[in-house]
Amino acid sequence: MSRAGKTILFRALLIGPALMAITVFMIVPLALMAYISFRGRDYSGGVLWDQFTPEAYVRLFFERELDGTLALNFNYMAIILRSVWLSFLTMAISLAVGLPVAMFMATRNARWKAVLVFMVTLPFWTNLLVRNYAWILLLRDHGTINSVLLWLGVISEPLPLLHNSFAVAVGLTYSFLPFMVLPIYASLEKIDLRLVEASFDLYATRWQTIRRIILPLAFPGIVAGCVLVFVPALGAYITPELLGGGKTLMIGNLIGFQFGGARNWPFGAALGLFLLLLVLISLGLYARRYRGELEGSQ
Amino acid sequence: MNTSTPSSTLSPAQDQCAVSVRSLSKVFGSGAHAFRALDDVSVDIRKNEFFTLLGPSGCGKTTLLRLIAGFEQPTSGAVLLDGEDLSAKPPYQRPVNTVFQNYALFPHMTVSQNISFGLEMLGRPSDEIKRVTEDMLRLVRLESMADRRITQISGGQQQRVALARALAPHPKVLLLDEPLSALDLQLRKDMQLELKRLQTDTGITFVFVTHDQDEALTMSDRIAVMNGGEILQIGTPREIYDKPQHRFVAGFIGEINLVPVQAMGGQDYAISGVGTLRADDASAAAKGGRAVLAIRPERIALSAPSAGTLPGVVTNVVYHGTDTIFHLKLADGLELRARSQNNTAKIQSFAKGDHVGWSVDAASVSVLADDPS
Amino acid sequence: MRLNPFRARPFPGDVRHWPGLFTATAVFFAYVYLPILILIALSFNENRTVTVWTGFSLDWYRVAFANRDIVGAATNSLIIASVASVSATTLATLAALRMASNDRFLGKAGINAVFALPITVPEIVPAVATLMFFASLGFTFGLGTVIIGHIVFCIPFAYLPIRARLEGMDPKIGEAAADLYANPVRAFWRVTLPQLVPGILSGLVLAFIISLDDFVTTFFLGGAGSTTLPIYIFGLVRTGVTPEVNAISSLMLLLSLSLVSLSLFLGRDQNRKTGPD
C-alpha cells in the first residue's frame, strides 16, 4: 500500500470509532428528529411515517378547534419567551456577579489563583440534580431561608420562594455561574496589572479605567462566558422541573413532556429542532467573531 | 597572521569528510506561501571537526541541521554520511544524534534512563548499556544525579544530560541546535569550554548551530556563515573575522567600517575627497570599478595629522573601559569608528573636534564587491 | 474592622485592593457552597422534618443503605458509569492521538466540532432524538440504551483533556526519541504513552463522574431495570423531601468531590519544567 494510503487508513482507524459513535448515536438521531418533526402524530406515542404534515409547526402558534379551524394560541410561545427571558436574566446576573469575582481571582498571586480556580470549578463536577435539590431545602415554605427569617422576626408567615420564576432564576444562576467566571478570569488573567497603573498614571479614574482598559481587554472572556451560560440555561431541564413546579415550564420541559404525558413526538421533535437551531445560531454567531475562545475555556 | 589557507574553502578529500551536503534545498509550504528556507546549499564537514553554522534567526541553519538529522525531508539535494546517501533513512536509522535547543529530555525518565535510551533502542547488551551510561555520567560529571528525575535538576545539569544522552550511542556526527541559548552568561561560558573539551576527548564530529558570534569564534574549527538560506562564507574563525568576503559576513561578526571606494589599479583604492588606501587583498576590483573596503575599528591607528595618514575630525569619544571608541567624520560625510585599546593609564590625547590622522595596515583591509546585500 | 485579609495598603491604582471585589467574591463562594453544606449538614439531622436541626444522627444513612432500591440504583449507576467511561475514554484516546498532531487534513476542524457537539447542544435535544431513534429501530430501553447514550456524551469529556495533554507535549520529545533510534512504534510505547497515562486517567475519571451524575439522558433512554441513583433521587424528590434523599445526595456529592480531586491530582502537570534557569 502506498504511503498516502497507509496514512489515510491509520487516520481512519484511530479517529473512526469515536467519530462513528457520535455520528450514529447523535447526528443521525438529530437528523431523524428533523424528519419526524414533519410527520404525522400517532396518538399512542409514535409517528405516522407515511404522512407528511407541518402540523407540529402550526401547533407552535395555533390551536386547532374541534371544527378544524385554527385559533391563535400563545401558550407555547409564552413558554419559549419565558425560556429566553430566564436564560437572559441568568446570564445578566451571572455577569454582574462573575465579573468582580473574576477580577478578584485574576489579581491574586499564583498560589491563590490555583486554589480559587479549583473552588470555582469544583461544583461543576458535582451532581446537578443534587445541587438543585439543595435549593428546594432552602426555598421551601418550611425551608432554611423561611425558617431563619421567621426566627429573626423579619416575616410573620413564609414567603412563597419555591415553584416560581424566581426559584428557577436562582437555580439556573447557581447551576451555570462557574461558566461565566472561568472565561472572564482566563482573559483578565493575561492582563498586565501595570496597565491599570499606567491608566491611573494617565489621569484616568477608577471607573474610567474599568470602562476603557479592563472591560475591553476582558471582552472576549465576557462574550464567551455569556454564551456558555445562555446556551445551557436555554436548554435547562432539571432546574425548572424541580424548582419551577408545574407552572414555570421552559422549552426543555415542554420537549420532555411530549415524550411523556403528551405523547406528541412530531411536536417534541419540532421543539427540539427549534431549540437546536436557536443554540447553533447563537454559537455560530459567536464562533464567527471569537473563533477558538469557546474551546479554550472548556 | 594566517591570511591564506585556500584549502579550507575547497572540498576536502572524500575520505576525510564526515558529512557531505550536496545542493540541498528546502521549501516550506507551497504556492504563494512557499518559503525557501534553504537554497542550494553545499558544504563538506570534515571528520573530528567542530563545525559551526552561524547566522541570524531564519537564515536556514536549523533547517540544515534538521535535514542532516532527518527530521525534515529535503525538497532537492542529498546528505551523505561517510559517502553514503542518507536520504531514504528515517532519523531512527541515522548514526547521528542531536542535542536539542530546549534539550527535549524525556520528562518521565531519570537522568540515567535518559542517557541509556539510545543504547537500549540500538539493542546493545545490558552490561554495555550500564558501562557506557556510567562513563557518560562521569564524562558530564553527573554521577551523583543518576537517579534524579529530569524535573529535579537545574537547567545547566539538564544541558549536560542532553549532551550525554546524545553522545552515549557514540554517533558519527553530533548535531547541536543552539544548546547553550537557554543558559545564563556565566554558565554559557563554562559550557563553551566544556563542549570543546568533550569534542576533543571523544573525537566525534560536532555540527553546532548558533546565532552567537562569540560562541562561534571561540569554539569552532570552521564556521559557515549563513543568511537567507545560503552559505555566504566558510572558513576558520580567523578567516571569517579578518577576511570577510561578503558585506553581510563583515557586518554580522563584530563591528566593522564599510567605506565605499573606487579601484585605482594595483592595490590602491581612492576614498572620494579623503585620499588613497592600500589593501592587501587578492580579490582586487578592476581598475575604475567601485568597491567597498571593510576595516575593523581596532585596526585603525590614530595620530596627529601627518603625511601618510588620512584626515578626519573626531565627532564623539565613547569610553568603554578596556578601550575607547573614536567616531571620526571624514570629508564627504563619511563616518568611521576607530577603537583604541586603553592599555596604558595615559590620558587619550584626542577630544571631540580634534583634527586627526588615521591609517590602516594594508593587510587589515578587505575588499568587498559593491553589492548592497 | 478589616474583614478582607488581602487588603493591605489602599492605593487606587492597585487593582488588587479595589473595594467590592473581596465582598463580591465572598458572597459568590457563600452562594456556591452554602446550599451544598446545608444539605450535607441536614443529612445528619435526626429529625424527620428535614429543615429544623434537632441533633446529630447517622440514621438516614443506615436507612438508605438498608433500602434495596437504593443499593440497586447505585449498582446500576456504577455499571453504567464504568462501561461508558472506559469505552468513551478508549475511543477518545485513539482519536486524540491522531487529532493532536499538528498536520492538517481535510475536515479536521469539522471532526473537532463533531467531537465537541455532545457538550455544545443542550442535553435534552439529543436525549429525545436518540429516544426516537432507538424506538424506531425497535430497541428495548434499558441498561444497554442508557450506556450507548452515556458513551456518546462522555467522549468529549475524555477527548478534550487528552488532546490538550498531547498538544502540550513538546514535539521535540518525539524527535528526540527518533533521533535516539526508536522507531515510531517503540517511540509511542516508551515515550508518548507513559507521558499520556496521567491525562488518560484524568479523562477517564471525569467521564466517570459525568456519567454517574447524569440525569436527562438516563431519564429518556432508560427503561425497566435501568434506574440509577439520580433517577431514584428525582423520583423521591418529586413526591416530597425525605431525609434519606439528603443522605444519598450527600454521598453522591462527596463521591463526585473525591473523584474530581483525584482527577485533578492525576491530571496535574507533574512534568512541568522548573524552567531553564
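Going by the order they are written in, the chains are A, B and C; count residues from 1 in each one.
In this section, a contact is a pair of C-beta atoms (placed from the backbone, for glycine too) under 8 Å apart; a residue touches a chain by one contact, two chains touch by 3 or more.
Quantities reported herein were computed from a predicted structural model and do not represent experimental measurements.
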Required minimum of steps from chain A to chain B, each step between chains that touch: 2
Centre-most chain, if every chain is reduced to its averaged C-alpha atoms: C
Chain pair showing more contacts of the two, A-C and B-C: A-C
Gap in Å, rounded to a whole number, between the CA centres of chain B and chain A: 60
Centre distance in Å when chain A and chain C are each reduced to the mean of their C-alpha atoms: 17
For chain B paired with chain C, centre-to-centre distance based on mean C-alpha positions, whole Å: 54
Touching two or more other chains - residue numbers and ranges from chain C: none
Footprint of chain B on chain C - complex, ascending: 170, 172-173, 175-183, 186-187, 190-191, 194-195, 270-277
Chain A partner contacts - residues on chain C that touch it in the complex: 6, 12-16, 18, 20-22, 24-25, 27-29, 31-33, 35-36, 38-39, 42, 49-52, 91-92, 94-95, 97-99, 105, 111-112, 114-126, 128-133, 135-136, 148-149, 151-152, 155, 159-160, 206, 209, 212-213, 215-216, 219-220, 230, 233-234, 237, 241, 245-246, 249, 252-253, 256-257, 259-260, 264
Footprint of chain C on chain B - complex, ascending: 69-71, 90-93, 96-98, 100-108, 117-118, 121-122, 150-152, 154-156, 158, 165-166, 169, 182-184
Chain A residues touching chain C - in the complex, by the definition given at the top: 10-11, 13-15, 17-19, 21-23, 25-30, 32-33, 36, 46-47, 97-98, 100-101, 103-105, 107-108, 116, 118-123, 125-131, 133-138, 140, 142-144, 147, 174, 177-178, 181, 193, 196-197, 199-201, 206, 214, 231-232, 234-238, 242, 252, 255-256, 258-259, 265, 268-269, 272, 275-276, 279-280, 283, 295, 298
